[in-house]
Each structure stands twice: as C-alpha cells, then as structure tokens.
Amino acid sequence: MKYMHEYRQAVTIRQLADKIAAVTRQHWTIMEVCGGQTHAIVKYGLQQFLPAQIELVHGPGCPVCVTSIDIIDKAIDIAARPNVIFCSFGDMLRVPGSEKDLQSVKALGGDIRIVYSPMDALTLAQHHPDKEVVFLAIGFETTAPANAMAAYQARKKGINNFSLLTSQFLVPPAIEAMCQSPQSRIQGFLAAGHVCAITGYESYPKLAEKYGVPIVVTGFEPLDILQGIFLCIQQLEQGRSEVENQYSRVVRQQGNLPAQQMINEVFECQSQSWRGIGHIEQSGLKLSEAFRPFDAEQKFGLRDKVSSANNKYDTAGCISGDIMQGLKKPCDCIHFGKQCRPESPIGAPMVSSEGACAAYYRYATFNESDTFNKNAAFNKSDTFNKSTTSEKTTTRRDQ
Amino acid sequence: MTKEQIDINPTCPLPFSDNERILLGHGSGGQLSHQLLTELIYPYFDNPMLATGHDSALLSIGEQRLAFTTDSFVVSPLFFPGGDIGKLAVYGTVNDLAMSGAKALYLSCSLILEEGFPMNTLSKVLASMSQAAKETGIQLVTGDTKVVEKGKGDGVYINTAGIGVVPHDVYIAPQHIQQGDVIILSGDIGRHGMAVMAMREGLEFDNPLNSDCAALSDPIHTLLNEGIAIHCLRDLTRGGLATALVELAETAEKTFIVEETAIPVSEAVTGACEMLGLDPCYVANEGRFIAFIPAAQAETALTLLRDHSVSATSCIIGRVDEDNKSQVIYKTTTGSERLMQRLPGEQLPRIC
Amino acid sequence: MCLAIPGKIEDILNALPMERTGTVSFGGIRKEINLAFVPEADPGDYVIVHAGFAISKINATEARRIFDLLACDETDAPC
Amino acid sequence: MTKEQIDINPTCPLPFSDNERILLGHGSGGQLSHQLLTELIYPYFDNPMLATGHDSALLSIGEQRLAFTTDSFVVSPLFFPGGDIGKLAVYGTVNDLAMSGAKALYLSCSLILEEGFPMNTLSKVLASMSQAAKETGIQLVTGDTKVVEKGKGDGVYINTAGIGVVPHDVYIAPQHIQQGDVIILSGDIGRHGMAVMAMREGLEFDNPLNSDCAALSDPIHTLLNEGIAIHCLRDLTRGGLATALVELAETAEKTFIVEETAIPVSEAVTGACEMLGLDPCYVANEGRFIAFIPAAQAETALTLLRDHSVSATSCIIGRVDEDNKSQVIYKTTTGSERLMQRLPGEQLPRIC
Amino acid sequence: MKYMHEYRQAVTIRQLADKIAAVTRQHWTIMEVCGGQTHAIVKYGLQQFLPAQIELVHGPGCPVCVTSIDIIDKAIDIAARPNVIFCSFGDMLRVPGSEKDLQSVKALGGDIRIVYSPMDALTLAQHHPDKEVVFLAIGFETTAPANAMAAYQARKKGINNFSLLTSQFLVPPAIEAMCQSPQSRIQGFLAAGHVCAITGYESYPKLAEKYGVPIVVTGFEPLDILQGIFLCIQQLEQGRSEVENQYSRVVRQQGNLPAQQMINEVFECQSQSWRGIGHIEQSGLKLSEAFRPFDAEQKFGLRDKVSSANNKYDTAGCISGDIMQGLKKPCDCIHFGKQCRPESPIGAPMVSSEGACAAYYRYATFNESDTFNKNAAFNKSDTFNKSTTSEKTTTRRDQ
Amino acid sequence: MCLAIPGKIEDILNALPMERTGTVSFGGIRKEINLAFVPEADPGDYVIVHAGFAISKINATEARRIFDLLACDETDAPC
C-alpha cells in the first residue's frame, strides 16, 4: 500500500538508525505521546535500532487506556439495559470497569455492537427507531471530529434515539501537565501526528519554549518514528528545544480547519479525568449546550452518578498511570506477564494493543537470555528492564 | 430432587473459583484455548496422543495405520464469499487427515439445528457438504441430528469426524521436525478470517475477497507420492500462522526463524487488516498449511506444490534453527527480531 | 491512538458539503468514507482515514522528502 | 457483499417454502426426524450405508472390519439423577458401537461451550467423561473445542465419534432379522426420559428415579463370546422402544408382534407417565437395548444377559412373525391388537 | 398403581365384552363425550370387544380441540410480546391458529413455558415480578376450579402481573345442543366422569328425559368404559333413558361443592364459541367483574379483536366439527393420514392425543387388510371406515 | 379431556383451608398436590388428581363393586 510499506523497509530503517547513532552522545529520555506509536515501536522492534543511551518512554495517548473507570461503569450500566443497542470501538469491550467489562455484559446478553465509525452507530439508530442507540465516543482530537459529526447529523436529522457517552481527551494540556511534574524525566516529545492533522501544531512552540523540550510532530510508520527520534536527538544534542514537523505529508501547521470548526460547534472544553493519572484542567471535550439532548449521561440519568471508589482493579497495584507519564515501564509492574496478561488484563494498558503493557507483552523482543519462559510469564531479568534499570537519571535537561 | 442435591463427586484436578467462566477467547485457538486444553482437558484424559497436539490421532488397528480427527464448525455468517459452513465442515476434517499424510476415507456428520432454522438454508448447507465430499472423495457414512430450542444455537452447528489411512512409510508429526528443515507456507494468509469479518463490517472489495476455504489433500499426496520426506504439516486455522508456528515450536522443542518479508499477504487482506488494526499472522485461514521439509528437498517440494492451484504460491518463510528453545523468532520487515506469541484471546478490531 | 491509514479517493458518492462521501481504496479493498473534512481532496488524491473519516489530504511532495534526504546522505551530495 | 448476493446455487432435491422451519420435533427421534433424514439429508449423501439406518457404519479397511458412529449430546439439565451429559456422551457412542457387535477402541470428543459457562461445571463434566471412558476401556484420542457467544448455546454440547473393531464372524444388522426370532428387551423402559423430565417438572420420588444411562458393551460381548447368533441389536434412545421397533420392522421388512404385558416398566416411570399423560413406549432410554435372537437360543441368551447388572431383568417381549409387512403389531394389556407408530414429534405433557 | 391397573386386565375386559354381546340386539350409536375416553377406547382397542352393531362416536370433550382459533390467535399475539412469559398446558402448543401455532412463536423466540398446573404459572408470576405472566386457561368443568383458584390467589395476594386468557367450556349445554340437532344420530351418551366429579349429575335427568337418551356417567379406564357401554346398551335395549353412575368410586350426585363454590366465585357463564361447531348459549365461563383485572384479553387490549375470518386451516376442509358432533368419523376426512398427521396437523383434533383424529391415527388397529401403507397415509379401505360405512342409520331412538 | 389419576395422600403440607396442600404418591412417585377442594380427604385416602388439584376422594367400597359384580356373574350366584 502506497504511503505505508515504503516506510517499513529494512534498508532505509538501517540508514536512519546509523544517522541516529552518529548524533547521539548522551543519555536521552524521549516520550512518544501516542499509543499508535508505542505499538509500532514494539511491533517493529525499533528499540533495537537505537543506541543504548536513548530511552523511549510511552505516553498517555491511548484512549482505551485513559478512559476513566467511571465512564466504563456508566457504559456497562447503559449497555445492560434491555432497550439499548450499545456501540463501541472493538478494544473498549475488554477494558475492566470497577466490577466487570463490557464483554461480560455482552456475555450476559447485552446488545453490544462493535462499529468501525461513529456514523455506523448513527445508521443503526436510524434502522432501529424503537431502540436507544448509544455510542461510546472515546478519543483524542483525531476522533473528536468524527464523534462531533455523528452528533451534528443526529440533531440535524432529528434522530433522537441516538446519544453519545463521551470520553474525549486533549493532548496539549496532558503534555503540559507532564512537563510540570517534578518527577518527570522526559527530555523531548514525539507529538502525535494524527492529532496534529486535526489541530495543527501552533500551540506547541510555547510549550517547547516554556519547558525547554523539543517537540517533533511524528508519523506512525517505523521510518517516521525513527526520523522523529533523529530530529529530537539532534535538537537535544544541539541544545535546541523547538517544534519540528516530521509528518509534513499529512500535518499542516494550522491543522484541519473544517474539522476544528465541527469540534467547536458540537463540543466545549472541560476538566477531564484520566485513568491512573487524575484530573487535568481543560483536557477534555463534552457536548455543548445545544447538543445536550444527545448526551447519554443526561438521557440515562447518570450525570451525577459516581462509581464506588473501591474497585478491584485500580487498587490492585496497577501502575498504568506511572507508565503513561513516563515514570515507569510495564516490566516495573509486579503483575506484568503474571496475573496481568492480554487474555486477562488487570489494567487498561494491557487491553488495547496500543496500550504499552499489551504492546510489550505481545511483541516481546528476541533476546539470548530468553525473554519469556515457557508459560509466557516474564522473568525478572527481562529485556525491557535493560533500559530502565541501566541509569535512573532524573536529570531534566536545562538550557 | 434438585440440581444441587446430586452429588457427582468428581476428581477435579484444578479448583476454579465460582466466577471463572468460559470466554469467547477460549475458542479463539490462541493462548486461552491453549490453557483450557493443557490445564483442564488433557489432565482428565491421560492419553499421550492428545498431548502431541497433532491435527489427528494416529491409530494402529491390526496392520492398518489410521488417522482419526474431529472438529465442530460454528461459523457466522453461515455463507460467506468463497465458502460456507458445509464446505468448511468437510474440508476441515479432510485437511486434518491430510496433515497426517492420511488419505481421507470416511466422514461422520452431526448436526445441531436451532429450532426455527429455515429448511431451505439447511438444504443449501447439505448440498454444499455433499459437493465437497464428492470432490474430496470422502464418504459420509454415519450421522446424527439434534434440535435445540430457539436461542440455544445459531442456525446450525456441524461436527464432522473423519477416518483416513496412513501409508506405512509416512511419519508426519511435530516430533519429527528436524534442525535445518525449511518451513514452507502454501499460499497467502488471512483470506478466510478477513472475508468473514469484512462481511460483518460491510467492507467492499475491488475484486471480491474470497475465503481460502479449500481441500488440501491433493498437494500433500503429490508430495508424498513424489518421495518428499515431509517431517510435519499443520493446516492454519483459528489463531492463524503465528499460533500454529508457536504451537509446533513448543511441541517439537525447536527454534524456528521466520521472515516477515517472505510471508505472502494479498493486497485486499493487507488493506482490511490495516484498516481494522489487525495482524494477518493471527487471522484465520481455512485452506493454507505449513510444511517442514528437509532443506535438500525444498526446491522440488515447491515445484510440486506450485502445480496445484490451492498451493500455487507456496514459498519458504523460514527454517528450523540449531538451538532448541521452543520459540519462534520473527524477523520483521524493518530488520529487527522479536518473539512470536500465540493469539491471546480473540482479535478485536482496533480503531483508536 | 488514532489508527489512520492512507487511501486513494476513487469517486465522490455524495457531494453535499456536510455529507460529502466517496469511495476510498486501501490496497485491495474499497470503502465508503466521509470526506466532509477534506473538501479540497478529489478523486485521485490520497487521504489519511480514521474511524471512517478522511482527516487529511496527503501531500505527495512532502512524502518524498525523507527518501530524498536519505538518498542524499548516501551519495554524500549536498541536498 | 451482502448475504443475499452470494450465489451458492445448490442442487436442492426438495423445494421448501420460505417458512418451513426446523421444529423441536425434528430432533425427537420420531416421525419428523425420520422425514428430515429420508427426505432431506439422505438424498444429498447417496450412500447405501446411511440408509441401513444402523447405529453405526460398518467399514472395511484392508483386512479390518470397523464400526464408526457419531452422536451429539444436548441434554438439559446437564446433571440428572443417575448420570450427566459427560457419561451420556461416552456411553452413547460405546453403545452404538456395541450394537454392531464391535469392541469400542477410540473416541473423539468435540465440545461446543457457551460463553459464560462456569469452569467448575465443565470440570465436572470432563471428570465424568474421563471416568466413563476408563470404565468402558475406550481411549479418547482426538478432540476439538469451540466457544459460541452467550445465547447461542446451552452451557455445553458434546459430540463424540467412536471407532470399534468388529470380529470377522459377526454380522449384526437390521437386514439379518429372521422370521421366528425372539425380541429380547434388556430391562425396564423409560427411566432416562422420565428422570430428566421429572427433574424439570419438580416431581419427587419415593426412591430416587435414576436414569438408566449405562454402557451396554459387556452383555453384548458376553452373548457374542458364548456363541449367541445375534441377528440384530438396537439401543433404545430418543423415540423410545416403539420408534426403535417400527424403524427396524421397516428396515428389515418384517412384521413384529409385541406384548404390552411383557414390557417391564417401573412403578415410578408408570406413575410419572400417567401423571403427565405420556406413553412409556415413547420415552427415551440411555441404557436399554433390544436384541433379535433365534428362538432356539433365547433361553441361553436370557440367562447370559441376566448375569450382567445392566441387563439383569432382560425378558422376551415379542417375536418376528411370518408375514413381511414392515409393521409392529402391539398386543395391549386388554387383549386387543393395534399397530405401533413412530413418535410423531416430541411428546408434550398432556394435561387436559 | 391402585385404582388403575386392575381396570385394564384382559380377563375382566373379556367378561364385560361377553356381557355386552349378550345384551346387544340392534344397531346403536353411542357418544363418549370426553376426549380422554376416546383416547382410551382407541389406545386399548376397545372397539374390538364390541359387537358390530355398536357404533361409538366421539364427542367434543377435548378442550384442545374446541378452543376457538380466535383464542389461539390472541394467545399467539400475547406470547410474542417481549415482556411476557406465556404459560400453557403442553398440547396447546401445537394447535394451529389462523396463521401459525404457539410452537412456532416459541421457535421465533417467544418465552412460552409448559406448566403442569395453573398454580405453577402463578408461582412463575411471583418469581418474575418484572414480567407479565399469562396463563392460557383452557378446560371444561374439571379444570375450571384449578383455573379459578389461580385467579383467586392472585387477587388475594395482589399478584398483579398475572392474568388468564380463558377458554372454558361447559358440557351439559353442548350435550343439549347435539340432542337438538336434526342430523344427530346419537342414541346414548357416556358422560364425562371427571367433569361430573366436579359438577355432579343432577342436571342430567331432565336432558335424558327430554331427549329420550340414556346418560351414563363413566370413568376412563377400559373396564369403566365397557361397563358404561354395557349400562347404556342395557337401557337402550330395555327402552329406558335414565341417568346412571358407572363411576361411583369418584363421582357423587351433587359433585364437589367446594370446587363449585370456587367456580361461582371467580367465573360467570357466557355464550361460548366451540371450534368447528359454533356458538352455544351459556356454554362457557369467563372471569366475573371482580376478577376482570386478571383477564388477559382486557389487560392486553384484545377484548374486541377478532381474527380474520379467512384462515388457512378451517377453510381447508377439516371436518372436526362434524366429527365432534358424532356426524362423521376421522377417516371420512379427505386429509386424514395424508396432509393431516400428528406431526403436521391441519385441525385441532389431530393435535391432542385425546383428539379423535390423533387417537385414530396413532393407535391404528391392526387389520389384515393393512390399515396403513408404508408412509403411514391411510388408504381408503380403512379399518375405521368399517363401522361408519356399514349402516348409515339416522334413526333417532324414540320412546 | 381432564386427564386425572388416582393417588394416595401421604401427609398434609399446608393446612390453611384455601391453601391446603399435601404430598400425594402415584405409584412410585410423589408430588405436592393442592387439596383445597377435598377437605374431607386425609392421609391414607386416595384422591383423583387433575392439573395439580385433587378433585375427588375415591370411595373404596364403590371401587370394588364392578369386580364383585363380575365375580357374581362368573359363579352365576345371585349378588
């Protein structure tokens, strides 16, 4: 496929790897913000092409991972109701709520459908006027225009049996929050290319400048990611902290204006709770006043319902929040590869194949010291520990 | 007398908590299926033949060497581009027999029909089974029909079991995999799973994407007739190529090295997998196999296989390495290496 | 997040601005995709598609840049 | 590509109207089952072995004579007094093999599990299968496991297929029934069906009414070893004694005369049948058979059978008459005569 | 079983048969009113014990047979609704309505349960307060007290999610209607013993007298039925037309007073439609005013709904009405044993094993001229034709 | 119509007049049966049961009559 496979060839990958090795002189910690990038890094074994001094940490950019338990519990509540068709993207079905997951609601008879697009859910609503069709509208800025369009068309066409349970996140406030954290070890960011395709990157220079971090807008193919790392390391070694656009074939500086307009028409900013991380001011999107009739929480009387704080998952020692803030790695978690495995996840990052834990588990790197034992439970002297245990630098780059 | 009062007092090797339940993933052919088999089912049937993890059991009755296998088919939709549940049910068992080097002779067929299932649909399924049986030369000799209440089935489930004869000089089994063997894949992967999933997702195709659903007996028998010393065969079904490789590496206690760039995937399957966020190595097939063959015979074998339409694009995707670590090393298109894993549960479309 | 893949617009199925859709081909498959957010993209153009929506038109010149760059490095010529 | 667009173009021997659908009665083992088989299924598989209507197929492979059979088990509740689905699944296939005079050797087992099925219950079912297999000396050598979505199964469905060896001098088949043969019944009828139904209806019993669920191979092999020239055997399952008799009379093209007063029925089964308005001759059994034996050997055969607990109350219930009218004449307890019929659909409790 | 098997012995049956033969001099046509008696007559081959001059015709006493298509259609309507658990005696599931039967509603997902007693349906209602539980309360006077008790207890205990779809019949008005019919050939009646166990038989003498027919209250075992026939023939040969009680071990003259009281408390008489026969004044029971909240027709708004007159069954030549009035026999029907068979009934009497057609089909008498051909379709020269074709007497006995 | 069979009352489970029930045995089985309509029937008595309700108590003397009658006929003695 054009614009895809040419970015996965061993020859060019090797060339870029050599360029990276040539410029790297110090230890650097870089975060790729987006889970899709994490997935590609692990799937294509990109760590193998990097010098030992480059440490990649994995950001919070996986909506499956950061959607709060509260929302999952509300989704489960709604999906279990008799007259509801509950629509969701595939991976959300396995995310643990405080008691169970959507998959088990389905196993008990709930009408839950996996859709490819929010518009598919809207079409279902048109075809089933006797049912309430609810779409679990998760996502970052990339997905927000699609979710917005579904609400916009529902209102325009008077499809009143349709509603959205929203859990939408914004990237820049999360980056800023991580930069402000005193524990943060992140020295540069690979920004999420598909988010920037919508938003552009005009808000990044002031972040780069304020916190002294280079930010490289980066694509998702192996070659994109390596080039993003190269540009980032080059800046770090040269003492720069600027915004660069590696993904220029897709991302324009001002982003996608019609899509931004749609977001603004349908949504408004709100404080948002990130699973494992906590509240971040102005980091989420909710339906604006005019679209409130399409808000599932309101429609089903769940606006003020709060899940019991005591849940079996987040109290179980899952360190997903630390992982998504670049403070820890999956193999630092005592459950990783033991109780917590893709077939029986404890935390959300083990669910989505973009979640850092699942990606690490699934695409284990080959290593002479036998990464996996036969039962696929990880042993302590794990490949992935290598980089984290090597040097626990907390140095923030100052310039 | 109520249910609770009946004391069946089983000798249970594994205690489960009351809320441990069967998940869809236990039927995916991947890691959960593997656990179910090795931790629950095998311990009850202390039979070395089961643990070989072979496609069919090898029996000796008098002077005869027989292969015996069974499968139940529960596909939805019942009809999909390139096949239907009836074809699958016949080919699936014929193929499992072929994977032992057996000539398929006799088939049983057991139907579990759901109350309310249309007679015309049943008739179409049976017509398809009949045609597949004729085509593969297997005779349906015994059967059974049950009807379950509405809401306790899905139209029709079909079980087939098959008996075949294994020639006296043929020894095909995971245990016979040798260091230095090449691993041949009989064609491009992922067609069946994507054809079925695409139908559910409403994807359109340039040229219709057909399931690879096919009988594999002809190319296998050509190899055997031409004196290829096949060490092992495995048809790729649930769990896909990756799961089959991992299972064989574990059973054979060998290390396989497999090249991503050598694995053929059609444009249509690639496109659909990229769109849905799936990995073709984990997608189901119903007409593909891998063969472990001495390197010296690899070229001859490829030539013979390519003579059959069902294996026309056969190619070498890897080899058996020296160390015996029960693992599959996967060389990715970028040049890196990682370990292949079983499919964990089922593959859900990944969107976000 | 945000799994998005490149595809080529084959035709326009609905030209109404807010409902604009077209057939997009991805390797060997085609699917009807919402094009409301890429009014500038026409048949023949490549777009990046996420969750059934085209979110950006691919710039072919920019796409070549990395390969030109690497080719330059290779020959050590100034690019 | 939608379902409708797929053209499978089957050659359908029977056109059905769009609203002809599978009913529960099609699985009852009676008249509707018979129609489904003879009018729809058999025509697609033009195999004389199927039409013999025998419990298992007789195969010749090289010098070996083999019996091959399959059955799916869909009972609810899964556990009932005297047995469970696991036992049924093993005994059912062992018994079908025994009805050909075969020694049961190898078993396949295919599970269709419903999403959400408790692991502990599965464990109990497997323990029971394991014990039944040990007891009957059959080896489980191959298997399969599928999981279907919640609401598309009923906990667990089990399919077993079995292979046995038939001695060279044994010819047991409906076609070998002779005029003058006596018809021996191995015990009292209706226990299994009533034990299961009583559990659903919440009937209590003085002494627990246990299913007759049992392996029948031992008494059969005793008869064969002692030189009894068994002409035909049939285990009584769905459809009960009456349906088995009618089917054999039709296949053998013989007239049977059967005495109601000679047929043993326990007090508990009688009571439950009278209460629900059912006829014990149509109630399912899982551990009873009828044998057609030359009159001259009848007494010897009875003595041998009564030595086994499973056939301790064997008795003669009728004989094969001179005319060949493919019918069963039933002499009732009042002294009148009527023709026995197959069970029409399922037996519904009759109340009013 | 005591009080059962001793009434089925060949020796005593033969003795009574001899007594009957000894008293019979003329041709007599006798109707056994009750389907349970028809069932026993055919199951035990009792016709074989009677002289050729005695012709038995089979009455309308099978509630499965006489419940109107209208009620079946209403049952189907209710049973197909999503929130309903529909309860019925077993045999009713196969009775054809105008388009389909309850069994096919079940096959399409309707929650239909077979119960042994009306009280089981009431218990279901208690266990499923979120569902509407509807019981198809069919029956004659025998079943009416049980149906009444269910309604009575529902009202008393406030089980308001329970209701009855009633189709209840009374025997004496039907006997009188048959007696009044100019075509009637019936010269004596075996009255239904279990009906009389409830009602007693004080209303019968005036019928016997008015229409000059002997009426013998008769039990259900073979010996009971033969004794009933003996007593009836004895009267006929002696020119008497009285009421006698053969079933005195169970039936008292005044019947069961507590049961009658319960019927009177819960039900009131109404005109009733009998399938295949038509309306008969005061021949049915409906819920009285106080129990109207437990009337399913009212609860589901079906009171005034009338089935389309045009239905595929009753226009198909089914002669069930004539059969149940003693005017014809099953083998006179062109469908009998051909399209109409127990596995695919056209009319209701082929459904219930008490229905005359099903009983005839199932318990075919052995006959040298091969009653059944191999496909179990009846041929014309049928055993059962014997009696009907022998002498088509329409003589009514006059005294 | 009205399938009803004889059974023997074994014990009384609920003595409230309108809710009277008891265990009734039928050959080898027992079931809880509503006895509200046979207040006169006690443990040891036989009743006729229809649809879960006892509808009549069996009179043992009357039950013997037909056999006495036939026995009489047999011996040709005046009964």
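Each chain gets a letter, A, B, C, D, E and F, in the order it is written, and its residues are counted from 1.
The working rule: a contact is a pair of C-beta atoms (placed from the backbone, for glycine too) under 8 Å apart; a residue touches a chain by one contact, two chains touch by 3 or more.
If you're wondering where the values come from, they're calculated on a predicted model, not measured in any experiment.
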_Starting from the defined contact criterion, work out which chains touch chain E and chain F both, please._
D
*Starting at chain C, find the fewest moves between touching chains needed to arrive at chain D.*
2
*Note down the smallest number of touching-chain steps it takes to go from chain B to chain D.*
1
*Counting only C-beta pairs in contact, which pair of chains has the most of them?*
B-D
_Most distant chain from chain B, judged by the mean position of its C-alpha atoms_ = F
*Intercentroid distance (Cα basis), chain F paired with chain C, Å*: 86
*Please compute the C-alpha centroid of chain A, do the same for chain D, then give the distance between them in whole Å.*
58
*Just give me the whole-number Å value for how far the CA centre of chain A lies from that of chain F.*
76
*CA centroid of chain B to CA centroid of chain E, Å*: 58
*Please set out, as single numbers or ranges, the residues of chain A touching at least two other chains.*
1, 4, 62-63, 89, 107, 116, 139, 143, 354
*Multi-chain contacts in chain B: which residues touch at least two other chains?*
21, 23-25, 115-116, 149, 151, 198, 204-205, 267, 270-271, 274-275, 277, 350-352
*chain C: which residues touch two or more other chains?*
1-3, 5, 26-27, 51
_Pairwise chain contacts under the document criterion_ = A-B, A-C, A-D, B-C, B-D, B-E, D-E, D-F, E-F
*Within their complex, state which residues of chain D touch chain A.*
115-116, 149-151
*Would you mind writing out the residues of chain E in touch with chain F in their complex?*
1-4, 6, 12, 15-16, 19, 34-36, 61-63, 89, 116-120, 139-140, 142-143, 145-146, 149, 152-153, 156, 192, 194-195, 197-198, 220, 223, 227, 248-252, 256, 258-259, 262, 354
*Which residues of chain A touch chain B in the complex?*
1, 4-5, 8-10, 13-14, 43-46, 48-49, 62-64, 89-91, 93-94, 103, 107, 114, 116, 138-139, 143, 222, 341-343, 352-354, 361-366, 370-372, 374, 376
*If you look only at chain D, which of its residues touch chain E in the complex?*
21-25, 30-32, 35, 201, 250, 267, 270-271, 274-277, 325-327, 329-330, 332-339, 341-342, 344-345, 348-352
*What residues of chain C sit close enough to touch chain B in their complex?*
1-3, 5, 23, 25-32, 49, 51
